[in-house]
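Next come the structures, one after another.
Paired with chain B in one complex and with chain C in the other, chain A is shared by the two complexes that follow.
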Partner chain A sequence: MTGAAADLARAAKAFPTLLTIGFAEVVAYRAEFLVWILTTNMPLVMLALWHAVAEDGAVGRFDQPKFTAYYLAILVVRLVTSNWMAWQMSMEVRDGTLSAKLLRPIHPLYAFAADHLSALPMRLLYVSPIVVVLLVTSWGQIAGHDARVALVLGPALIGAWLLMFFSMVLLGTVAFYVDSAMGAFELWLAVHAIVSGYLIPLELLPPWARTVTDVLPFRYMLAFPAETLVGLVAPAAALRQLVIQWVYVVATAAAAIAAWRAGVRRFAAFGG
Partner chain B sequence: MSGPMIDVAALSKSYRVHKRAPGIAAALRSVFRRRYETVKAVEELSFRIAEGERVGFLGPNGAGKTTTLKVLAGLLHPTSGSVRVGGHVPHTRDPLFLQLITLVMGQKQQLLWDLPPSDTYAMNRAIYDIPRAQAEDTIRTLTELLEIGDLIRKPTRQLSLGERMKCELVAALLHRPRVLFLDEPTIGLDVSMQAKMRAFIRDYNERFGAAVLLTSHYMDDVVALCPRVVVIDRGRLIYDGDLRELVRRVRPDKHVTIRLSAPVAAADLARLGKVVSADAGQAVLAVPAAQASAVVRDALAALPIVDLTIEEPPLEDVMRELFVTRAPDPTRTTLS
Partner chain C sequence: MPITQLIPRYARLLRVQVGMSAVAAMQYRVDFLVRGLIAFLWSAVTLVPILVVFSVRDALAGWSFAEALIVVAWFSLLRSVLEGAVSPSLTAVVEHVRKGTLDFVLLKPADAQFLVSTAKFEPWRVVDAVGALVVFVYAFAKLGRWPALPHVLLALVFLALAVVILYSIWILVVSAAFWVVKVDNLSYLFGSLFDVGRWPISVFKGALRAAFTFVFPVALMTTYPALALLGRMDARTAVLALVGGVVFAAVARRVWKRALGMYTSASS
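Coming up: the complex of A and B.
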């Protein structure tokens, strides 16, 4: 077996234990975790805002029920796919705690991925009431569309998770060069909020801006799976966007791994 | 394996560090023009360590010890020179290499803070792919040797420093590494805990034939564990050899401690050797090693002696003398 394949096999074998331990850590931090979840409330603020705007009539094809469905879907996708890799890498590079991961015989990115995946059950637990509200308030919206779109939803959510993960790794590698990636992360967050569909449904943007957001990777992290979840995309468009999303996943993963390799050469293991 | 377990040849490691003067003006200037300093942490360092050998790695603060250990453990890329550990190039971090070594840093820990150490052990068992029976056997053996028992089931954050350090050692040794890099493993521990830790490291070394490279500011650690020492100062090798020979070279005298039944005149003591300390009941004399027996004979004949011991000077004194006599090296940093 080659180095990368052997790495993957070793990581796959260790993964169930890593997930179990990661879950135990999430449970240990459950109160803090809940507070963090509660801070992700911007889609609800935006929902209230657009709900008021749509009181006198639909905005584009968005009437009040569509806004409700859209923002609840955005909230669900955001809570399921977001991660704190850039923050974690920034901290671990800065204070040298990354050393412990570098000394283990599985690639640190597998360990980071396990950390984040192990938080999913707890996230789903917190997300489930929102899903119930979404189903109750928007069932007509969700069930009234082509069922083939639902087939895209699973791969779209997995793609969104991976795209977010590798984007955050890429941002986190900035810490190898300037000691902290938090400035780059804040900038990324500001851009992401506008062009990912987090604050405004992208189809309400001017046509030129929509062209830009279709090309950038951000919509494939959030708006695309959310729109798929509530049936706002036609089957052909959903499939096309899924392909674009996965091209971005592969490209971002390649860039993140290359940046990681280059960055680790500069790692000074401070603090030891 | 044939050949040395650790082979370091002409290793150099430099860092580029941002440098600015204190104050707001300097801070503003540094926004537009940054000054960097290249610090040569390690220069042309060479040594070899055989399988099963225990070696003390000594030097004052900032000498380059930790940097060298990090290069040997694969955390840092050398600037130049070659390093091999167990036949592997460390900075490639081949999983086979990482299974061969462990790095224990007294001020750092790998234990999961909010979970019991037993969870860290479970994680390491999975990561190192250790068969369950072997892992359980190793944990049982190590916890017995370190007398930690049920502590491994308490959350790490609730353990004392000494307990954490012992649990940390179990985590670091679970995969039975054949090379131990120990950086201040007894820092912050009380005297009895230090003694237990030393006994444990020696036992592990003898049981598994592991090579040990140890840095410590507690010279008792070095005396108890390391027949050989590698000494560096300002990144350069200044001694590599037998510990007792180093002591003889730097401080060729022995300390003769005399307990007296009655006060004696200072001049009577000075006639026998250099008086290191003296009070009414006890005096310590420094005498050349070759004359020690003659001095003892004369002292017994001339003074009211209750007890008398002959010792090497403390290693702390030897190291202090070794480093104090060396001049600063202006070429170690360069500005750019």
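Coming up: the complex of A and C.
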């Protein structure tokens, strides 16, 4: 146990430096980073589409302003929580650059986490115009709800970030076994787009599909925080879903770390 | 070389290049199957939003469910062309430029643009095209009528035009590699914008519609061929679209030539 504690202490000490380096990298590649952000334009397209649909009346609980609020919230949550771990791990396992990370006296997962956290300020900067639009157009729907829901929002966002991070690590570990995790990653993306609320508000799916999406982890990565933000979730339900989300966070983290350990043992650095 | 010799020569070259890709792909049979499955799943995902929209409304911006499905089918068909025949080769060019290995291509006694554009095919994308055909058949069965021959012919012309435009935009993106080197994320941006093509263009309003018709003409690639197939395309729009497409391709070819002039191999 002392080993793990020392490990953690060392990581904590190195973390500020890692964050600084990561931030400098993001600043250096800011234009490229912006292009990446722009690729997340699907919610805006879907928003335009549902606006056309809702022109002659609301769809369920969704009228035009609600759709605007929903998709902007989805966009914000997605941009803040997304990461490219699976892609990065797949690359690093294949071309062997992971071996350099394994040699360092700090666990690669901490380094990866620092990498992604340090991109967050830049992400927030790029996301801020969307947040402003969201606040201006949908203030009533954001501010108008229960204070308890507002309390849920913070932990829900952190939970979503962690859930995304560990899911991606778990997917990335596929690369240890089949050399490229890209196939698994694409498959995951296809499922995620539908059942996370990214493309369509989950409420608009047929009832049987909703029971499925309530059980699957995807909803808790995206739709849950976004819906909480725009006041689509009642306080009691928000608390219950927060608990489910964190259960998923812990389970996914445990699975990802176990898979990582098993994977690294198999890891043969090609040409590294 | 006279054109009568040029065409058979390039046809033969094309056959060799396609054959090479097919052989390479068949070496990895499991990967081939998995990728086919993924392509199929993506086709299914493409359909979900449209099913949901039409479960709450009978018509969307003047398009019935069956008519909108035809747009989706064109979209799937073009995506299979894009991801099966256009983007793998051109992604390889970006790699060539970065590493300086484009020299080997330029030294060969054939047109460089032709060689790089046919370097790699991904045969499992055929799954998407088959899916598209199924959707076509289903949509017309639902409409209760079959397209007339002239409409089919016009639609095929538009298909050719769509492929040309698709390819031209890609060439423009790749040409950017000669100036800024790192453009792999531009290709993702391209892919995400192309996704808009699954919806009839009339869904969008104002600036968005103009942008997707004239600047990044996905409307020309999916909505217009669908209109042609449905027999709702008027002659004037058809001619204008065709002229626009040809001009677009000519510009892309010129830009590629300019870009090639900029190329400095990695060692020099």
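Here are some notes:
Just so it is clear, the second predicted complex is superposed on the first by the 271 of 272 C-alpha atoms of A that agree within 3 Å, B and C clash if a C-alpha of one lies under 4 Å from a C-alpha of the other, contacts with A are read in each partner's own complex, and residues count from 1 in each chain.
Quick note on the criterion: contacts are C-beta pairs under 8 Å (C-beta built on N, C-alpha and C of every residue); 3 or more make two chains touch, one makes a residue touch a chain.
If you're wondering where the values come from, they're calculated on a predicted model, not measured in any experiment.
By the touch criterion defined above, A:D7 lies against chain B but remains apart from chain C after alignment on the C-alpha atoms of chain A.
Looking at the shared chain after the overlay, A:V131 reaches neither chain B nor chain C. In the superposed model, A:E186 lies in contact with chain C only, and not with chain B. After overlaying the two complexes on the shared chain, residue contacts for A:V53 are found with chain C alone; chain B is out of touch. Contacts of A:L153 after superposition on the shared chain: neither chain B nor chain C is touched.
In the superposition on chain A, contact of A:A24 is made with chain B only, not with chain C.
In the superposition on chain A, A:I194 makes contact with chain C only, while chain B stays out of contact range. Once the two complexes are overlaid on the shared chain, A:I244 sits clear of chain B and of chain C alike.
Shared interface residues of chain A (contacting chain B in one complex, chain C in the other): none. Here chain C touches chain A in the complex through residues 31, 34-35, 38, 41-42, 45, 48-49, 52-53, 55-57, 60-61, 182, 185-186, 188-189, 191-193, 195-196, 199, 203-205, 208, going by the rule given at the top.
Residues 32, 35-36, 38-42, 45-46, 48-50, 52-53, 59-60, 183, 186-187, 190-191, 193-194, 199-200, 204-206 of chain A touch chain C in their complex. Interface residues of chain B facing chain A in the complex, by the touch rule stated above, are 15, 66, 70, 73-77, 93-96, 98-99, 101-103, 105, 107-110, 112, 114-115, 119, 122-129, 155, 183. Chain A contributes residues 3, 6-7, 10, 13-14, 16-18, 20-21, 24-25, 28-29, 96-97, 99-100, 102-106, 265, 267-269, 271-272 to its touches with chain B in the complex.
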